[in-house]
Every structure is written in C-alpha cells, then in structure tokens.
C-alpha cells in the first residue's frame, strides 16, 4: 500500500521535470505544489513565477489563487500582468520558462480546452476560460500538463481549442508562427505521457506503481 | 475631466456621477485580490443595468455584478476566484442560460487591449493564441459589432510580419484597444488630488486607469499629498488621470488588500454556496448587498471578529495562519 | 545566460566577457543623468571598435564613445547634453565628417523599439512622425540593411489601421524591435544575484535591459538580497535578466546619480571645451580616460573636493546650490 | 528703456498661453522658464511635465536638462519615457498637453527642423535630432514654438522635417493620421505669430514694444 496520494505522486512527478535555473510558471493547486516541491527538493535554484507579476515569491503558506497576497511576499520584483507575460513572450527569458497547466479536455496533440463543453455559443458547461493558459502555451520553452485520467477528458477533438499544444502535428506550431516549444509531458493520476518527437502524438511513457497500461487505456 | 485639487467625494456621488445604465465599465484587481468591492456593491444597490464590462481575471467583483443582473456583455479572459470558485458560479449560470454574452480573450490579450487604450493606439500586437479558437470563434457576432459604434468591427485579426522574419515572427495577432467609459480600482493610498499608490502587485490596474475616460479611485487611506510626494517612485497613478477619490476602509472586502487585510474565506465560501441556488443567491443579495447601505454596514453585519481574523500581519502583508478551509 | 546566484565581477572582466568589436550595444541613462560612464571609459580603454550603438537620448556616454572612435553606426533620437552641449560636439563632428552613420528616430520610437524587444515582438506601432522626414529619409541604405542580418530590412513602415477608424487612427507607424547583444546600465542598488533598484526616473533602462541578450549592471551599492526583497515594489530588474553585477561607486560620474551625486558642471564644461578641438580632445582622452586604470583613479585625478561639491542632499536627491555655470 | 530682456519677454508671452489644468510639456532653457513662470504667476494649477517621466515636479532650482535630478523631486509620479510619451499619445490626456518647443528652422506652416542643415546624408551642420520633439508635435493638443527671429531660421522649406506643424496646409494632419492639434503660436525675440485658421499659414499677431512690423519682416 503506497504511503502517498495520487495527487502527491503527480506533484512529485512534475517537480522532477523542473531543473535548476528554470523559470516555473505556476497556476494554483497542484501546479503550485509541484513548483514548491521542486524548489525545496530537487531544483533549489528554480524560480517560481506567477502571471500576476510576482517573481521568485517566498511562499511561506500555500496561495489559493495566483493573485493571493502570499505570492507578493519577499519577491525579486513585484511587477504587473504586462511584465509577467512579456517575460514569457521575450525571446531570451521565454525559452527558460516551464509552464505547468491543466484543462478540462486534451487531445492527442496536447491541445487544451478550458473554456466550454459543447457548442461555444450554447455551451453545455462553461469553464473559467483561458486566463493566462493560452499565452503560456503559445510562448514558453515547454509545458507540463496535469490531467485527471478520465475518458471524457481525453478526447479526439477538443470542443474549444483554448491553449495550443502541437496543433495538428509536426511543424504546425512553426508554420502558424507560435514561438514556444510546446507540451513535453502529461501527468495524470495514473501515468506519465510524452509526445513523440516525430509525430508529436501522445504516448504512454510510464505508469505509476500498481497501474497497468491496460488500466490507463481503459480510462482514455 | 475633473481638474480640481480636491476630488474627494462619497461613493454614492461618484457612482451616480460616472456610472450609468449601459456604460462600458472596467474594474481593477485580480480574482480574490483588490477588487473594488464597495463600488461593486454600490453599483448593485443603484440597480445600474445593461453594463458592458471588460475584465482580465477579475473574479469576485465580476461574478457579483453578473449575478445581480447588472451586466449584459462581458469581455474577459478568466472568470474564477481561485480555490474558492475555479469557475465563478453566477458567471457560469449566466453564460449557460444565455443571459450573458461573452467574448473570450487570453489574459495577456486583455492586458494588451487596456495597454493599447492607455497608449492611445488602436491595437497592440502579440504572438499569443495563433491556431486557437480564441481567433476562430467570436462571441459577439459581426452584425452585433458593426451595429455598435462602441465596439470594434473585429474581435481581433492575424497579420503577416511586415518586417519579414525580423524577431523570428512570421505572424502576429492584433487585438483592438479598449477605452472604457469608466474604470474603478481600489488602492492602498491616495491623496485628495488623485495621486495613488498601489502596494504589492499592480495587476493591470494602471493600464485600466489610463485607458478610461473617467476614473474612480477608492482607497484604504486618504493621505496628505506631501506624504505621497516624499517617495514618488512608489506612486503609479498621476492625479490628472483621476476624476473621483473615495476613501473606503475595507473597500476591497471580501477580497484581499495587501498589507491591510486578507480575503475572507468564510465570506467567499458562503458566497459560493449561495451562488449555486437562485433563491439562496437572492437572499444573499438581500442580506449582504441590498440590505446594507454601505461598506461600513456590511462590515458591522458580518461582524468585527471576522475583520480581526483577516487583519494583515505587518511582516508578510497577509493574515498568517488564517483558517482558509 | 548566467544563472549563478553570485554574478559579481570586476568591470574589466564584465566588459571583456560581454562587449567585443562590432557588437550591438545599448547603454542606459539620459543626457547627463545615470549614464554608465565607468563602463563607457573601460570600453574606450579596451579599444573596442566598430560598435553599433542604440540610444534614445544618452548624451555624455554616447559622445565619449563616438569621440574615442569606438562607434561606426548609431541609431538615436537625440544627441545632446542639455545646457552643457545642446548638440554633442564629437557626435556632431563625426556625422559632419562622415565617419559615423546615423539613423534618426524620435525618443518615443526608440523607446518603443526597446519595448518591442523586451516584449518579444518584431515591432511596435505609434502615431508619431507621420508626414515627417523621419519616415522619408533613411540614414542606413537599403543595401546596407539587407546585407546585415542584424539589421531589419526597413527603418520603419506606415500601415493603414486594419480596424478601420477604431481609436480614431487612420494610419500607424511601425518601428522594428531592437535586441542588443548587450545592454549596460548604472543603478543605485543591486544584489549579487542581479535584482536591481533604480531610484528616481527609470528613463528606458528597464526596457533596454529586457531587450538585450546580455546585461551588465553597474551599481553604486552592492547590497544584501534581503534588503531589496523587503520592498520588492521598488525593484525594477528581475535577477534572471542580469549576467554581470559590478559595484562601482560614482559609476555614473561625471553624469548624475539621483540621491547619490549630481553631475559635475566643471567636468562637463571642460569636456565640451576639449571636444571642440582634435588635439585638445586627444589630450582629454589621454589624461582622463586612457591615463587612468579605473573610475577610482579618475576620481582621485579629478580630486576629492569636486566629489564633495556634487554630493547629493538627502532631502532633494541633488546638490543644492551647486555652482552650475 | 524696457527693464526686461527679450528672453524674459518671450518666456512671459509663452506663460500667458498656458491655462490652469494644462499639462505643460517642457524642454530645457526658455521653455522651462515659461512653464515655471506660468505656474508661479498665471496658472498655478498647470502641471509641469517632462518627457523623461517626471510629473508635476517641484522645481526649487532650474534644471539644465530634462533628465536633471532636479525634475525628480517631489513629483506626483516618477515614471519612464514610455509612460511620458503614452500620456501624450493617450486620447484623453494628450488633448490636455501643451507642448513648448524650439528648432533650427521653421516654415510658414510651423513645420520644424532640429536635425540637419543641408543634405541629410552630407549635412553642413548636424544638430541633436528630434528627441521627443517629433512625438510632442505629433500628439499633443497644441504647441507653442520659440524661435530667434533670423532670416536663416524662417525658411520657405525646412532642410529636414523633424517635427510636424500643419504640414502642407489645411486638412493635411488629419489626412495623414496625426492625432495632435498642431502649432498655435510662434514666439520670437521680436514678435508673436499665429496660424490662420483657414490657410494654416503663419501671420504676425503682434510685435513686442519698440519693434515694428517692418522690422519683423526684415528678419524673415
């Protein structure tokens, strides 16, 4: 019996993707746990960075939103949204940013939907919308994606393409003019998936202890 | 514009003078931090309707305006209140039942749209959202846009880089400027003339202010002009951008105000519960918004002890150890 | 890039590592304030040649680089040092004798070009200069531009507003981004990691830093990281933008550094006199630049009493009552 | 015998053009004297503003450059160049700005040259260049121009058009897309000139005491 929760495993798996010197773009929840874990364990010189403009925050308590006052404490610079996104679009600093993100739907090329389920003009379900997710997915060196492993979330085609992954496959990002590097891994409660360097399609990299490839297949 | 040296007025006066049915409004803050909530509640009490609202990620303030039926059109990047509401509940219901028309952009795009307005430009370029439905799917129809002189004819457009591959960019997305009729923000310190100082992250408040035709500043502390001018490097808003200065202690409550108070988890959790159900939400409005005359009465009604719990610790700027479940 | 926690190095090391013949350089400051003069003098001592320099209104620093023959191409808005030289003398001579190729923009255009570089965009739009010779007359020929991959093919271009009359703008001028190989600025405070604080006006220093591939910060005071992090609202440069941190007291001398010292009117007047004549200027370089090994020796050579005269008054940030004739 | 210098008269004449509430864009020298005179005499609520980003500076001593530390003292906000020029290009605040400027050459439509005398590529004389002058002349509500009254400065056509006046005449600014209001007066050591509301051509509004229209004519 494992002495950790799937959520903890996901956070640690993501943390292991973060290297010293990386600028880590954080959302709330598990992505912030992953960034904090990396900073405290494996990558002490990684930099926690929020779209709200906080750089290298000293997180003495877990923020409950990227605008939580807890991200403003003991930073290098307290900037603005304009500063934060410019850092990610910037040709020099943008390459160093690792984006951690989640979504309601993902397709095999790592394109994400966090806007609606159903027709955009008559949605069955409405979500929060892009926030900074589309910007991060457009700009940064690489992205790490968190998903719950459920059939309804792994879809053939997303209902609304909020954040660009590898779009329709190899060369598409370059062709359309996106600067960023695209998604590198998808981490779920069951497994870790990568993207084939040629086809840009998602493949199963490995399962967490006690999970089988068949089990993963059954959930997507 | 108001060129007076003393722009101090009451909140009802400021809202009455500068916010009217159908006007285009933008409010400052981000999700659960520094939303101008006292102003939001006054707008709801004044029963101002048909607002066209611009927001990047203003969570709580937008959701209460939408829930109270003040908003018909919303241009936004993110409608959430962090852990307290990954998707704002009244926003979600209004979109799903078709009572709210939404145009989706990214956070950077909304920020750039305010920046373009502040800079006096018709648009700003960005490399964000190429290949996504943010470009392909428009919430406002072309006829709707062309019939409204206060809306650009296009949501956005994609252009080739006219400088070839300079900057390694083949294509750019151009997003149109926003110039709201009025922007309302809440700051820590302002003087009677309107010079303002925000402590901590400024979000897009400065751009939202400079883009607007009229500006209302609500502040925790109304201070002497000299006390701000001793350290002008720390001020962000020049007085000539400001039309009204309204002192409102706890003016961002129940959202946070760095170095003054934290968000109130109890209030935000109760709000989310109430927001789920039509009757409970109407009762919430009756009790906490329409049932009080101003922010002071709201605080009294909520209770002094709650304010003590969220009081900011001077070292960190937030309420250390606050029970945030 | 340098990801070390300690980027402190000597000025010769920083210049040797990041500034070489033919590189594209931008320096901070404005006319007679906060120019990184110690770095400028070190570049002259190292005999670095064929520099391509970008400046908005950097007066003294640019004129000394030009006068010493370090610069072959200059993109600039304004070459003056206020009352001390309405037009920089060595700049004027170099342009008139054809030894310096100049491309003229406005101050806002140069600022926007740095901003575009900082934002990762190929250009920025503006409504400035329509109908002027800044648009019609190009200092760098098209062949010169097309043969140099480090230059955009066009000085700038004019486009119709693709959003019709949105923003009441019929036409826009697009100015191409600048991404210098290296930017050097002088600040009041920096920590070993590179987080930096500028006191008083920032000019375009922050944009110049964020646009550059490599960044050298010279600072009046090297301080503990914690002392800057106590008040992060007052810091402008994040450490991850910085490659070298060089402590140089009086590093902006003879230009001013707000809250530390004023410009030195005697030095600037003597400089203008010397600059008028080839022999006198070569003697100036020999005595004050090549004749000393570093900024400390320059100060000693000029004399302690002169430093006392320009010491900033703590209330105003400049030398009250300084004889500035 | 007048107890004031022509320079003082010019400063006062310009100061009288400034109203309460005006945001006054200042250069150095006489334009700063004019702004300071207006603030201390006729328009106490006018706002002294510099392209370097200083807003409503308390000028206890005369700055010798717009970047002089003296402009940074006791301001409302110490901003940046980007902030300052955005204030002038801004559709709301730009209209309130009055620009005060000078030049080496001026034509009858108030177009200014502060760049070169002679051919741009082989100049006889090189000047500082635009600085913020072209931006101010492009953006702001109205401009006040200082000139020394000399034949060589009042020319049929400027050698280099640095800062736009009324360009080729009525409607030209609008046609080409310039937002600002254009030049309102030219103040010299001898006289004050206005611009005809129809033809946009310069005309003699009045001479300073002891100066005749013929005298002015002789110098242009």
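Chains here go by letter, A, B, C and D, matching the order in which they are written, and residues are numbered from 1 within each.
The rule is short, and it goes like this: contacts are C-beta pairs under 8 Å (C-beta built on N, C-alpha and C of every residue); 3 or more make two chains touch, one makes a residue touch a chain.
Quick caveat: nothing in here was measured; it's all calculated off a predicted structure.
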Required minimum of steps from chain A to chain D, each step between chains that touch: 2
Set chain C aside and report the joined-up groups of chains, separated by bars, or one piece if nothing splits. one piece
Between A-B and A-C, flag the pair that has more C-beta pairs in contact. A-B
Hey, how far is the Cα centre of chain C from the one of chain D, in Å? 26
Which integer distance in Å separates the CA centroid of chain A from that of chain C? 39
Based only on mean CA positions, could you tell me how far chain B sits from chain C in angstrom? 38
Touching two or more other chains, which residues of chain B qualify? 120-121, 126-127, 161, 167-169, 172, 179, 200, 233
Contacts with two or more other chains, residues of chain A listed in rising order: 72, 78-79, 89, 91, 139, 179
Line, ring, star, complete or other: which one describes how these chains touch? other
Chain pairs in touch? A-B, A-C, B-C, B-D, C-D
Residues of chain A touching chain C in the complex: 20-21, 23, 45, 47, 55-56, 58, 72, 74-79, 86-87, 89-94, 96, 139, 179
Show which residues of chain C lie in contact with chain D when the two form their complex. 29-34, 56-57, 59, 76-84, 86-88, 91-92, 95-96, 98, 104-109, 111-112, 115, 126-134, 137, 139, 161, 167-172, 200-204, 206-207, 256, 258, 262-263, 312, 316-318, 320-321, 324
Touching residues on chain A, where the partner in the complex is chain B: 28-29, 51-54, 60-61, 63-73, 78-82, 85, 89, 91, 115, 120-135, 138-139, 160-164, 167, 172-173, 176-179
Under the stated contact criterion, what part of chain C meets chain B in this complex? 116, 120-127, 152-154, 157, 159, 161-164, 166-169, 172, 174, 176-177, 179, 199-200, 233-234
Which part of chain C faces chain A closely enough to touch in the complex? 1, 3, 5, 118-121, 179, 193, 195, 210, 212-213, 228-230, 232-233, 235-241
